[in-house]
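Residue numbering begins at 1 within each chain, and the chains themselves are lettered A, B and C in the order written.
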Amino acid sequence: MDSTSVLDIGHRARRRTRSRYWRGGLRGSEYAWAIAFLVPYAGVFLAFVAYPVLYGLWMGSEASLYSELLSDPIYLSTVVNTLLYLAIGVNLKMFLALLLSGFFMRPGWWMKALLLIYVLPWAVPALPTFISIHWMLNGDWGLLNNALYALFHIQGPSWLGERWLALGSAIISHIWKWMPFWTVILLAGRMAIPMEIRDAAKVDGATGLHSFVHISFPLLANLYLICTLLSTIFTLGDFNSVTFVTGGGPANTTHVLATLGIRDAFDISQPRLGVAAVMSALPLMIPLVILLMRKLRTTEVQL
Amino acid sequence: MSAVTTGTRLAARGSTHRMRRAALRRRFAANAAAMALAAVLIVWSITPIYNMVMVSLEAEGDVFGEHIWPPKPSLDGFWVVITQGHWYLEYFWHQFGNSLYIGAMTTILTLFIGSLTSFSVGRMRVRHGRLVINAALLTYVIPATFLAIPFYLIMQHYGLANNPWSVIAANVAFATPYAIFIFLEYGRSIPIELDESARIDGATPSQVYLRIYLPLMAPALVAVGTYALLLAWNEFLYQFLLLSSKSSMTVPVALAQFLNSDEAPWNYMMATAIVYAVPPVVIYYAFRRRMAAGLTMGGVKG
Amino acid sequence: MSRLSRRSVLRGSLGLVAAGAVTRPYIANAAATTATVWQPQGFIPEEDVAFRAMVADYEKASGNKIDYSIIPFAPLRQKAVSAIASGVVPDEISVADFAFAPLNAWGDKLIDLSDVVESLTSEFSPTALRASNHYNNVTKRRGYYLAPTAMGASPFHIWRSLIEKAGYKTSDIPNTWDAFLDFFEPVQTKLREQGMRNVYAHGYQLTTNGVDPLNTFNAFLIAYGGKDLVTPDGKLHSDDPQVREAAVKALVKLTTPFKEGFVPPGVVNWNDADDNNAFHAKLIVMDYDGSISTELALYHKKEEYDDILTRGLPLGNDGKELTSQILVFGSVIPKGAKNVAVAKEFVKYRTEPKTLNATLKSGLGRWIVPVPAIVKSDPFWLQSDPHLTAYAQQTTVGPTMPVYESFNPAIAQVNAEHVFSVAMFDVMNNAMAPEQAVDKAFKRAEAIFEKYPIGES
């Protein structure tokens, strides 16, 4: 799913004043109303989140599935791909987003115009653009190699025909799609740093890098960390970029767990094995989630 | 200007001038670097989209040519899409309608359910409301992709197979937690006294919700509504798994069908993609300011 | 024998009296009931129209109702897999892949259609029948779990104009396997000399997507004598030196042109449609691809349509005829179907040779009617169109065999994992020796076959 939820966590993380609620407690009928108002969401949650989660856990609970998974010759390389995808995809994306959010702080109308173009990848639906990238990277008739030939007379490689080039292409595509989003979030975070602090730093003669290291970054660090954790979870579930850019190929060398699960479920016709494939990411997810929750809680307590 | 004159001027004006020139040069260099970076960013952001446009403007056979701009650009591809002039596209507007329907229902339900929940938890402060919020947060813990297979099987049991409501249910389930968070946060800026005085005047909670809470929440509703619509528009996997007949499909699923056939008219495919991309881009740019206002309300101030 | 069992089953399941119904389909005129049917989308609009007409005829004749959904191939497959897994199934599924029926027959998830199919045995192509016969691991017996409705071989597709532009004639094309394939390489060289920078000799699908690479590898394997990789008894013969040698030769023959630049470098990650696309764009001189969909896509562009030469397999290197592997599609009824009686009756109706002939002809002959007598008697198949003639001849006249899936469903998983495409990739990109790549692939295939032991009772 989409990842816009970060902003509100930014808010929660920096809650200023305790807001006041409906005072004086709820009167009898009001309590019934309050409960009634919760019913729709409780229903949605139980029917469409809790039940699928439990069903999934049950489906993937057979131990034999995991030995079958391990015997699949591509399982280990898929795990490696997933880790690389996370390590490079998330960190490169977040780091560049952090730097670019600083760049977009520059004044001037043309920066605003540039930002509009820059967020385009995020605003355009995912699937068509990934298909476009797949086509563009085709070694035989794609735009990229045509451009390389037209401009420099170089015959480009078959971008999707080799494991590392293909995996790299999928990762870059993911970054292309999601970096604008995180840049905007971090930009909002930077904008929210009070002018006084920035001005005071300027008076003290702090410049570029110095100001970034000592002023902006400490203030953004928390937001950056939370964003990175969330982005890790979202990236783990990213099915579209691999499916449509590389299709898991060549020779099944670029699958990640999310796409392997779908392949096992429907191409191999073993839905349970597919669930087991994605469930095998749980050991990685659980610490992430605990870290994220703790981070959110402690941040809340501090502020 | 010769070096001599420069020299005399420098001598006359002294060191301040030199510093200003250095500062100017530095600013010029910074600007030049910014321009260069801007150029890189434009190429980076636009290239795949340019590729879509280029392919969509090409004639069928030219798609495989060696060019970086269509030799004979034409809008035929778009015309074929709009008039449903190709066999793959015979239900295009119907499918577009399905996408709109799913998007609209997702948006309405997300706003409705999210605002009710946030009203109960945030304004009425129902006991154990926090529990609901924590449960909602849990939704984001497991990537939606990972739930697709069990979700699919459950939909068969619910009798919702090949039914747009199964997709709407999935979208709402994943968009509502976000809505709740934003509404709770935004609601803090609305004085609780308004609710209280209405309550003293004898208004029931549903009246307070409808007449006071919702109107004041308008900016947040717009922001979340845009978000929910974009989410529904971007989503693929659930639509792909849950919708299967040509008439119940959405545009992304129909697009993916192009790849599974014996013949792939790429120009039509890309033209379809562009037509499909128009609504979210328009909506995003139309509501950009309000969206930012709704999302960054209160800001991330330290 | 077949007549007796057919009768008894019909009486039991339909409760109708069937008399003199050898040529006419059985129709239950009991209270109207509804069956849900999942049908793959046709290749051209006319196929769907023909299906709808056939359903309407059936409804009229029987008084039953068919509640059908026409679904594109890929989602249909997903829906079918999930329906079986969830237990919520339709009454009839027309499957368009070769793995579904054998895998689910193995798991006892399908209804045995022997009573329906056995009434047709005298008319249907033995290859189509063999492809519909699967092993059930619960009853430990084979039976017809698929009622065949269409079949097709994989021919070669060649651009005449490219051959001629290179200075050759189509009559120059040799008729033995290796020489036939090698012929196209100098064509590429000549065309390149004329400035066609992107043209390639072959369009082999050496990818891990779709069924094209499976058909390609199998054809090569058979051409080098490895037909018995899997035998009808369901056994894998990876230990047979002749099979192993054939697999090595097939790998070498497929990967060497790739390494030498006679195949587009992108093939390792092509999608199903990409070879057709590249062929249509005249980026490849020759393509090997199932059915004549490649030609039919250009049906309305007369000049290009006529420019393609369709031909079946050349002779083997030993001068003997080569066996073509035949793709067979058909109907299944999943266990748990609510209305088995109507579903069976509908399957029987639609597999009636005359009905099949009408339906498949409306599809321009993309798939061949699995009844040889009709192919020979109806001039549409062998006399109306040169592409169709070559294709129908390869499918029904020449020696044929079914795809391996019907022998043992293990091969379905071997193929879903694209074990042999991975072997090709190992040779092409990982510089593995072909022998080593074959050993690795065989090892994986053996591990998968271990999960599917067949011991017929």
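Throughout what follows, contacts are C-beta pairs under 8 Å (C-beta built on N, C-alpha and C of every residue); 3 or more make two chains touch, one makes a residue touch a chain.
Everything numeric in this text was worked out from a predicted model, so none of it was measured.
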Most widely separated chain from chain B, with each centre as the mean of CA atoms: C
Leading chain pair when contacts are tallied as C-beta pairs: A-B
Interchain centroid distance [CA atoms averaged], chain B/chain C, Å: 42
Distance between the centres, which are taken as Cα means, of chain C and chain A, whole angstrom: 41
Separation of mean Cα positions, chain B and chain A [Å, integer]: 14
Multi-partner residues of chain B (each touching 2 or more other chains): 63-64, 66, 153, 256, 259, 266
Residue numbers of chain C (touch at least two other chains): 78, 82, 85, 198, 271, 278, 281, 283
Residue list for chain A, restricted to those that touch at least two other chains: 140-141, 265, 271
Contact footprint of chain A on chain B as seen in their complex: 34, 37-38, 41-42, 44-52, 54-55, 63-68, 112-114, 116-117, 119-126, 129, 132, 135-151, 153-154, 158, 169-170, 172-178, 180-182, 184-185, 187-188, 192, 195-196, 199, 204-206, 209, 227, 230-231, 233-237, 252, 255-256, 259, 266, 269-270, 272-274, 276-277, 280-281, 284-285, 292, 295-302
Chain C-touching residues of chain A, taken from the complex the two chains share: 71-74, 138-141, 157-158, 160-163, 166, 246-253, 263, 265-269, 271-272
In the complex with chain B, residue positions of chain C that touch it: 41, 43-45, 69-76, 78-79, 82-83, 85-88, 197-198, 271-274, 276-278, 280-281, 283, 293-294, 297
List of chain B residues in touch with chain C within their complex: 61, 63-64, 66, 87, 90, 152-153, 156-157, 159, 161-162, 240-241, 243-246, 253, 256-264, 266
Complex contact set, residues of chain A against chain B: 1-2, 4-5, 7-14, 16, 19-23, 26, 29-31, 33-35, 37-38, 40-42, 44-45, 47-53, 55-56, 59, 100, 103, 106, 110, 114, 116-121, 123-129, 131-133, 135-136, 140-141, 143, 146-147, 149-150, 176, 180, 188-189, 191-194, 197, 219, 223, 230, 233-234, 236-240, 258, 261-262, 265, 271, 274-275, 278-279, 281, 285, 289, 293
